[in-house]
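Let me give you the structure first, and then I'll get to my questions.
Read from first to last, the chains carry the letters A, B, C, D, E, F, G, H, I, J, K and L; within each, the first residue is number 1.
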Amino acid sequence: MKILVLHGPNLNLLGERQTDIYGKKTLEEINSQLAQYASIQDIQIIAFQSNHEGELIDKIQEMRHSANGMLINPAGFAHTSVALYDSLLSYNKPIVEVHITQPFHRETMRHPLITARAAQGYVAGMGWKSYVYGLTALIDMILAK
Amino acid sequence: MKILVLHGPNLNLLGERQTDIYGKKTLEEINSQLAQYASIQDIQIIAFQSNHEGELIDKIQEMRHSANGMLINPAGFAHTSVALYDSLLSYNKPIVEVHITQPFHRETMRHPLITARAAQGYVAGMGWKSYVYGLTALIDMILAK
Amino acid sequence: MKILVLHGPNLNLLGERQTDIYGKKTLEEINSQLAQYASIQDIQIIAFQSNHEGELIDKIQEMRHSANGMLINPAGFAHTSVALYDSLLSYNKPIVEVHITQPFHRETMRHPLITARAAQGYVAGMGWKSYVYGLTALIDMILAK
Amino acid sequence: MKILVLHGPNLNLLGERQTDIYGKKTLEEINSQLAQYASIQDIQIIAFQSNHEGELIDKIQEMRHSANGMLINPAGFAHTSVALYDSLLSYNKPIVEVHITQPFHRETMRHPLITARAAQGYVAGMGWKSYVYGLTALIDMILAK
Amino acid sequence: MKILVLHGPNLNLLGERQTDIYGKKTLEEINSQLAQYASIQDIQIIAFQSNHEGELIDKIQEMRHSANGMLINPAGFAHTSVALYDSLLSYNKPIVEVHITQPFHRETMRHPLITARAAQGYVAGMGWKSYVYGLTALIDMILAK
Amino acid sequence: MKILVLHGPNLNLLGERQTDIYGKKTLEEINSQLAQYASIQDIQIIAFQSNHEGELIDKIQEMRHSANGMLINPAGFAHTSVALYDSLLSYNKPIVEVHITQPFHRETMRHPLITARAAQGYVAGMGWKSYVYGLTALIDMILAK
Amino acid sequence: MKILVLHGPNLNLLGERQTDIYGKKTLEEINSQLAQYASIQDIQIIAFQSNHEGELIDKIQEMRHSANGMLINPAGFAHTSVALYDSLLSYNKPIVEVHITQPFHRETMRHPLITARAAQGYVAGMGWKSYVYGLTALIDMILAK
Amino acid sequence: MKILVLHGPNLNLLGERQTDIYGKKTLEEINSQLAQYASIQDIQIIAFQSNHEGELIDKIQEMRHSANGMLINPAGFAHTSVALYDSLLSYNKPIVEVHITQPFHRETMRHPLITARAAQGYVAGMGWKSYVYGLTALIDMILAK
Amino acid sequence: MKILVLHGPNLNLLGERQTDIYGKKTLEEINSQLAQYASIQDIQIIAFQSNHEGELIDKIQEMRHSANGMLINPAGFAHTSVALYDSLLSYNKPIVEVHITQPFHRETMRHPLITARAAQGYVAGMGWKSYVYGLTALIDMILAK
Amino acid sequence: MKILVLHGPNLNLLGERQTDIYGKKTLEEINSQLAQYASIQDIQIIAFQSNHEGELIDKIQEMRHSANGMLINPAGFAHTSVALYDSLLSYNKPIVEVHITQPFHRETMRHPLITARAAQGYVAGMGWKSYVYGLTALIDMILAK
Amino acid sequence: MKILVLHGPNLNLLGERQTDIYGKKTLEEINSQLAQYASIQDIQIIAFQSNHEGELIDKIQEMRHSANGMLINPAGFAHTSVALYDSLLSYNKPIVEVHITQPFHRETMRHPLITARAAQGYVAGMGWKSYVYGLTALIDMILAK
Amino acid sequence: MKILVLHGPNLNLLGERQTDIYGKKTLEEINSQLAQYASIQDIQIIAFQSNHEGELIDKIQEMRHSANGMLINPAGFAHTSVALYDSLLSYNKPIVEVHITQPFHRETMRHPLITARAAQGYVAGMGWKSYVYGLTALIDMILAK
């Protein structure tokens, strides 16, 4: 079993930029913790980060047959990208969207949630651990199918 | 250690009403699963459901010294109650808000999220298991303090 | 056969307060006329008034198996209560919402109609007799089932 | 005593078009039932349907002295016609507006209610029987004058 | 020289309906005063009233070569009719729109002014004399050409 | 096979009014070209223009059994008429809406598209040839049934 | 009899600035024509222009007992000044507001009409002659009192 | 003479919660100061706090004959409760609404002021002393009657 | 100790204009009562009224070192003036804004409250006595410093 | 003669994903049919699909001298991309925008049409054949130049 | 060559009020630095500050023939004054608007930019040096003419 | 010292496309002028243009340690890209945003300014020279640090 873990724009700077908001864990550390957690249940994590909306869509399409579910933190694209939303809609397996912060606590430009409408589950506001809870939920969803 | 688990209006009918939307677990079963999960970490669950906004606020105030964190599914009050929001604001410990469904997938009257602005964490859309992921997150938050 | 007749906040003052707007019939008189009308068809009226949103929801839940239909004047809650709306949604029998006045003729805060979205029928603007026409319609709906 | 019963655009197709939404009664059957009901109280029904906003206004003006009240289902014009609203405003006798469906349950273009602001009574959502309840109410209003 | 004077829906009831708002002059009297005024300058008035948007458009088209200008009180259509606006746009001579009342003082549904965007001049709020001032202005415009 | 071609208000002036916007073809010429094109496939064109919303609705109802599809340019009614929209909804065969210009390039009052919500196909902005492409599409739709 | 003629900001540049929009008449010429016209009926014109909102209000207050009516072109203040509106409200005699252009044809910042809500009459779009028609109307109003 | 002093949800925690915003006075201390102040003028204070909207309405109704005026801090209900607003409307004596903070300085959810529309006086932003100024004003109003 | 009392546009007409809304006290009488009240506590009142936004700002700047607090009724400027708001922001001492009426009970153009965002206290709706309560509060604030 | 055919994000999955909405034709099949159709008139089709907004812009720029017109289905970018809109604006030859579905029938996030404002023609709702009608129109436009 | 430098309300307090936001330079110092910079190119600076909208308009009109360009910081008037905007429109030479701060970073009441629509250039957010960059740009514009 | 100069989508066509709006300078010429200007102060310009939002973000990240400030013209992304905004937020050095035109003078889709909220300085409307003034300001900011 495989799970696609997608990280949107600027998340490659986790642990380095604005650590008061986003925390001190690097993306590599997060990915490694997710991989470790998943490996216990014999699940492989395919982690991918890009600042390019198109590359995220390409990756979703590429993995649409091989991955059994998707954990996505669309970052800034969560609020603006109909294209990414469309690619989630065409993905027929469980999707959980996660956010490190609570978008509702921040600027109004972050209030519209476009991609979340295509996700079954949504986890936000709990720092890098949002990924962990999201992954747990996603695995349960996949297994429950 | 104690955790307050609050259930808002109509959640006492879980497992009975609109099961296609809210699932087949009863509130009692959910509470009992949460208690069991928490007991492993020696945490006591204080579960309370009410259809009365005032009773929920009373309970939050009553438990504000004894409970170490709060897991709340405000149901319909999530979208309308400034009073409940105020009582969350005056609660100085970690709060996680959970929803069985994704409010964004439903009627527009469910789109404003008032109470969520006072919660650190937010979990939605994963059926009764939203409670479980929310509880896990809450316990981590409390322990991390 | 039983019908639940619910009266929302401040309706206990009917006949006493703002009689130029709401008319001179007291709530007791209205209930008694509805009961008399219903009794002709061997239907029992369970009338209940409360200024508490939670008590109205409790009553709806309590009667959900025993009453064959509901006639509701949610008064001020009609425009604000998602919780009451949710409890109407979980009630699987015919519902008719009535108003003594026409909300559209009044302050803009009365223009959103939240609970009415869960009612099959809607009668407004005809003074206390809105209850009578609503009851007639409700009985027809129940019998037509 | 005479009552004008006005049917707006497309209602001549009742019983034939979209019967899942509008029911199976034809307009002729409805008119005949209303006439029969009214005749018991020695009231004559003048029924008129048109797809032309102008013809409805003409009819209202023509009958403004001879009819003692008006029962109107403005159909699509309910949401758009200031002209029809103006002609209701200039009609000095009781008016009840009826709808077969609940406009609030449907497309947002049906949410503005323009003509209803000029009607004393409003009945909606109860199929063709909305006419019956509306007529009952209208007759009561006329007699109460 | 000819001037088309168009009166929109319900204006045929001037002097009879809502005289506190619209005044006591009948449409016939207004037309006759306008004709008299115009005749001094050897101008013929072609007055036309209809409750039918289509008839007003037909008349505008019919007179588009023979009339040298248009004085129009679109009444309720002023706020809703793109079709009437289009027919004004296709009329290549001076147009003055008049209103008996001030739409800004009234219900918000009367605030959008659609047809006025196609008129060179606009006169409102001065009772039936709005027609007189509008006609004076229109004649000046025509003569100034 | 028959196709109903409906032209809304002011389109009878095509080729004469505002030719910089609407082009130089007259309505007669357009109808004749459509008829000629259709005749190749043995299809008869029933063309009808009116400035009266009610006449357009009457015609749609009249032809609802005999015409196999409808090509409609609702002109100004496209943006305002719920009544026309309702009559399209009750028409059970393919509908294509066409516009000579692009409403999005013009005044904001032309931006709401009400009737288009009831049409399967939509063609705009290509001058009188919008009719031709729309007709081609409509015939394909009918034949594909 | 006296009439106060008020000109708002930038109108002192009439005839000089943006003559394609505002025309070639100077303010002095307009005032002189109004005075001449009024003198025929033995009415004195008190003309006053200011770029200062406060000076316009001062003048209105100063003249509130001596002037029998007011003709005002508030220019830019028409769309923004609640203070000027308040001073019109406290003026108990007839007021006619005039505009050289049609505000509805221009930038959206000119669409709100605040002062016009306190004026009985409104004339717009007919160049400097808007003043003339406005004055005629105002004199009629005063005489009709 | 009696005055009803109503405190809305969460105000029982005054002096304890968010003291940087709401100050250090407890509700008991405030009530006692109000009572002392009122007693000078031989006025009795009936103070009542509740987190339940329904209890506040019940209390208003209960005291509607015996209390000569009402001082109310509706807290969160100020922004959401049409039911409470209705009960103020049906109360025929002077009402002053007070707020400890200035709602306009805070979250946008606190900007709509529903109950204030039924109060004659409004005092906000001056800490617990808002109650004192409000009470002074209320007593003056009552005595002025 | 000195307090600046600022009165915005049209308040010089208090007691004369619209007395049903604003009451019968003149501005002079109000100022004299405020002065008398303040003198008891050895405070001097510097009262200033202007219809000119600029003069109000000039006065605020002029008094910014000598006055210990400001009582302001910005009248119409309360809803429109960012410039006045800025000058309040730059004033580093207590400010209380007062209104004779309740802006929320009146036209929507009076609903935005711009200057109030820079005031610590806000008193409205209690006739000329709003000044008295505002002054009391302001003196308390100054003394509490 | 060459025509650029651009396909936006996710269209490479046509025929595979959500076939109930988008139909069963693959992109390759569509391209091949368009090429075949164009070849009859000796026109070459340059088809290009990308999930990358930037690649679509690059392609438009690259082909801006060699292609005589553009047929574009921007998919999700139609509703969000000002950058793509800008690149269409800078393309000086005919552009036709096509959509497989009718955006107006779908989620509100698809209602804003940004790129369409830069296209001369617009065809929507007719499945993959929208491309065919769009191409026909585009060729006519190019030939008409 | 002369350049008019206009400073809007409250800017005379620069260097004294809110120095954390507006910096420590006084207006005099800024004017003197601008004069010095301009004198190098033989340009004379006419600096003028006022808290009165009317005085700013008067000055613009007075200098409209003698000044070759205008540098304006309208301060609070930037967001509210149509009158000032109109006077900029009637000024036929280059205009650059400058702001010390970025209005977009501040309260929403500062987001509408009315006067900026009449300026060719706009510089904001760079403290008092915004004036310097604006002046440089303005001189270039004038010389480029 | 190094400065990153970023050019958003379509700016590579400067000097070629829509020269009436964007001017005749090519991007190369602009870059070369900026480089020349900067070299005087011994500053190196790193210029980069891309039509890809992702490449712009990549470049910002790549240069975040080596460049001392950023001059950015985000073009169309200025109005839509939260992702680009986020990458500016995570850049800890001075940023100045420039625009060749004034977005406020153009289509409403260009009115929201998302990226500008993360820039300290903003320069717009002065053609290609906006870059020059922006660069001057940026260098001053860097040196002032």
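Note that in this section a residue touches a chain if its C-beta (ideal position, glycine included) is under 8 Å from a C-beta of that chain, and two chains touch if they have at least 3 such contacts.
Note that the structure is a prediction, hence the values are computed from the model and not measured.
Q: By residue number, over half of the contact pairs should agree; on that basis which option among H-I, D-E or I-K is the same interface as C-D?
A: More than half of its contact pairs match C-D, so it is H-I.
Q: What whole-Å value do you get for the distance between chain A and chain K if each is reduced to the mean of its CA atoms?
A: Whole-Å distance between the two chain centres: 48.
Q: Touching two or more other chains, which residues of chain C qualify?
A: 52-55, 80, 117
Q: If I apply the definition of touch given earlier, which pairs of chains qualify?
A: A-B, A-J, A-L, B-C, B-H, C-D, C-H, D-E, D-F, E-F, E-G, F-J, G-I, G-K, H-I, I-K, J-L, K-L
Q: Sort out for me which residues of chain G touch chain K in the complex.
A: Touch residues, chain G against chain K: 8-10, 12-13, 17-18, 50-55, 75-77, 79-80, 107, 109-110.
Q: Can you list the chain G residues touching chain I in their complex?
A: Going by the criterion above, the answer is residues 52-55, 57-58, 61, 80-87, 89-90, 114, 117.
Q: Please name which positions on chain L make contact with chain K in the complex.
A: Counting only chain L, the residues touching chain K are 96, 102, 104-105, 113, 116-117, 119-126, 129-130, 133, 136-137, 140-141.
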